[in-house]
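Everything on this sheet refers to the single structure shown next.
Order of writing sets the chain letters: A, B and C. Residues in each chain are counted from 1.
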């Protein structure tokens, strides 16, 4: 605020002949300030969130956060700490870790990627390179995708739960969650892949077709490779959304798992990191909430890291034709 | 507005000219001069429509073997449209419809059962703007032979041959693995020509190949065209009359006739003859106006 | 040149080149696979409808509709209180997201340089990438106790739609900003130039020329924001409370539609129980609301696209 006031004061002394004075009157500056506020309000909230959470989670940035299962009781450590005069019951909680959630989320993310990327990229390639843009099929799929993008995440969980019931598999296994998350991010993958394909200039396609290449050869050898940066950006953003999503997993019966998933992981019961954080956050014991705070910082680091990678790919590697 | 293309020729003699016809007979009449004896491609009553818009009306042309045929005319006269029909690149334009016949060695390339991909393997194309692939120079050349499944004993030799054929070898032989995007515009265009001849086509179509190039690069491409004439049949669209006069054996002059109601311009063939005669002694007044700079 | 030895079509005379279609089975299979993938997205919609409608119908066969469509908070299956909770949360979220999202969109579209936009836009979009569980945690442990009850001294309950709506609003800022920016950028440059040429400054141009011209697109962005807010689950589950409440006071705890769904799923109710089927009835209503909102948004966008 004070900096805006000083700039305004400076403007009154500047000459009208500067040419930009019209944009420097008080109201314009206030307006610009409001826009700046809008732009950075969210970032400021995010910053406050990170700082506040990091402070409350600070005591738990230890290796146990990654190596321990939810509320595992380590007798040796408990004994060592009981000597300090604290209740061993609390101590077990103090060693709450997110091992199963972190492992589970990694399995989930890989499985989700394996499902969503081939399906989404294939669909986008068909719509962009093969289908006639004016065909009824394209129009139906287009509107359908826009609708799917707006379907609440929790409903994707219901769909996956129904699919699992129809197939007759156990609730809470990895593949069910991966199906829900893959379908959830499918519209994002399709839409961003289409945009990436569309940004490849037609001259490249024509050059290839004029040599006698087929449409698929042209797509596979020219268009898709040129669209890879755009596709990866969209896919990474989609996956980063999937990894933080908890609502659909609630519907599938994901829950407290205190053991390592068995091979093959996709049919094993697993826990998801955000869901584990949710459970820890709902716990009444302060030590567990502390662990939740620390877990949030870890989750955010993963997600913001993925976002950063996506943005860097978009800004650095995307060819400007 | 029924613009059934066949009707243009099927108009019976006893009836007065139907008002529904967008093109009157007089304007549509083409002067066909000396026609090549040995032809590679011919168009018969070629009409092209984009949706409801009649882009090209009744074109009859013959392209001679080992000749350079230039298609000239003001912008919007349909010369590029005709060129793109010759290897079925117009198939890629949504709503495009071609009527009439284009014969290639006696086969109608628009006949049922003809594969546009096979057509393009025989009839290559070079575009207005150089469009090398975002790959190395080597891969740009090797791409065509690979995708069409040509049996190649030694790809390195083929690449060298193609680059030599396009008079580019000496300039790029030390940087074959570098990106084609590092080349100058003229080099890129010659690379695109090399890329085309690597697949050993029969006919090469060129769509204003020099319009994006400077004069020096243009003259290099023109020299190359003359050199390629020995082995290929070349059909070139150009907006540059001097270029047509310099390189081509025969020239087809097109004009555009605006529709009175819609203002859409339909391309017509005015005159087709040996280049020398067409430029020195045009038979049609419109040709004369155009080449003497009075119009277009 | 003539040394080219590979089989190519001979120039001119000789056997006529073969132009007939070569069967390309691989190509056909690939095309069929790609088309199946594209069609799968339609199957997903069908699957969603089946997954939600079938158990919802089962619910209505067990429970009279009057016990569902009622404001009686004592009825275990009353949906009106949930709608009130969802509406309150959504309204507060939009109060945050629409002005701020629009402001950010105006800056990105009208003021930011191309280079600045390249980095600023993803920064704004980062907010949509933060997991809702994290927002929920922040709402419960910071926004309500520290900001609302502490700094502002509001006498509100520990879980309420006010706090939930505020964090939810932050989350959907990018949704609103992104679509609003698209519509602002779609306003033709000529309109801006016309205004600037008449001596209007940038603010006047933005507010009086660009903004009205983009109004329908901005409306669409708000509608899309509503559909996001209505469907968000974890934030409202954690922050808004779990009391069925018809009061319009956002400071009191309210159960919401998505909150009920998640809470029931997390609970002990067997999958075949009426309690569990109930959540599908709520989900069907939720799906219908988001579907209508989304269609409205698409229709508005389509109209403004036509305008330019």
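In this text, a residue touches a chain if its C-beta (ideal position, glycine included) is under 8 Å from a C-beta of that chain, and two chains touch if they have at least 3 such contacts.
Keep in mind that what you see is a predicted model, and the values were worked out from it rather than measured.
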Identity of the chain that, by mean CA position, is farthest from subunit C: B
A-C or A-B - the one linked by more C-beta pairs in contact: A-C
Mean-CA-position distance for subunit C and subunit B (Å): 50
Between subunit B and subunit A, distance of the C-alpha-averaged centres to the nearest whole Å: 51
Subunit A-subunit C separation of Cα centroids, rounded to whole Å: 15
Junction residues of subunit B - those touching two or more other chains: 117-118, 122, 199
In subunit A, residues with contacts to at least two other chains: 214
Two or more partner chains touched - positions in subunit C: none
Complex contact set, residues of subunit C against subunit B: 1-4, 6-13, 16-22
Of subunit A, residues touching subunit B in the complex: 132-134, 201, 203-214, 217, 221-222, 225-226, 319
Touching residues (chain side subunit C, partner subunit A) in the complex: 24, 26-27, 30-31, 33-35, 37-42, 44-45, 47-48, 50-52, 54, 99-104, 106-108, 111, 118-120, 122-124, 126-138, 140-142, 146, 170, 173-174, 199, 201-203, 206-207, 224, 227-228, 230-234, 237-238, 258, 261-262, 265-266, 271, 280, 283, 286-287, 290-291, 293-295, 297-298
Subunit B to subunit A touching residues, read off their complex: 87, 89, 92, 94, 117-118, 120-122, 124-125, 127, 129, 131-134, 143-144, 147-148, 192, 195-196, 199
Residue ranges of subunit B in contact with subunit C within the complex: 38, 40, 65-66, 104-107, 109, 113-115, 117-119, 122, 145, 150-153, 158, 161, 164-165, 199-202, 230-233
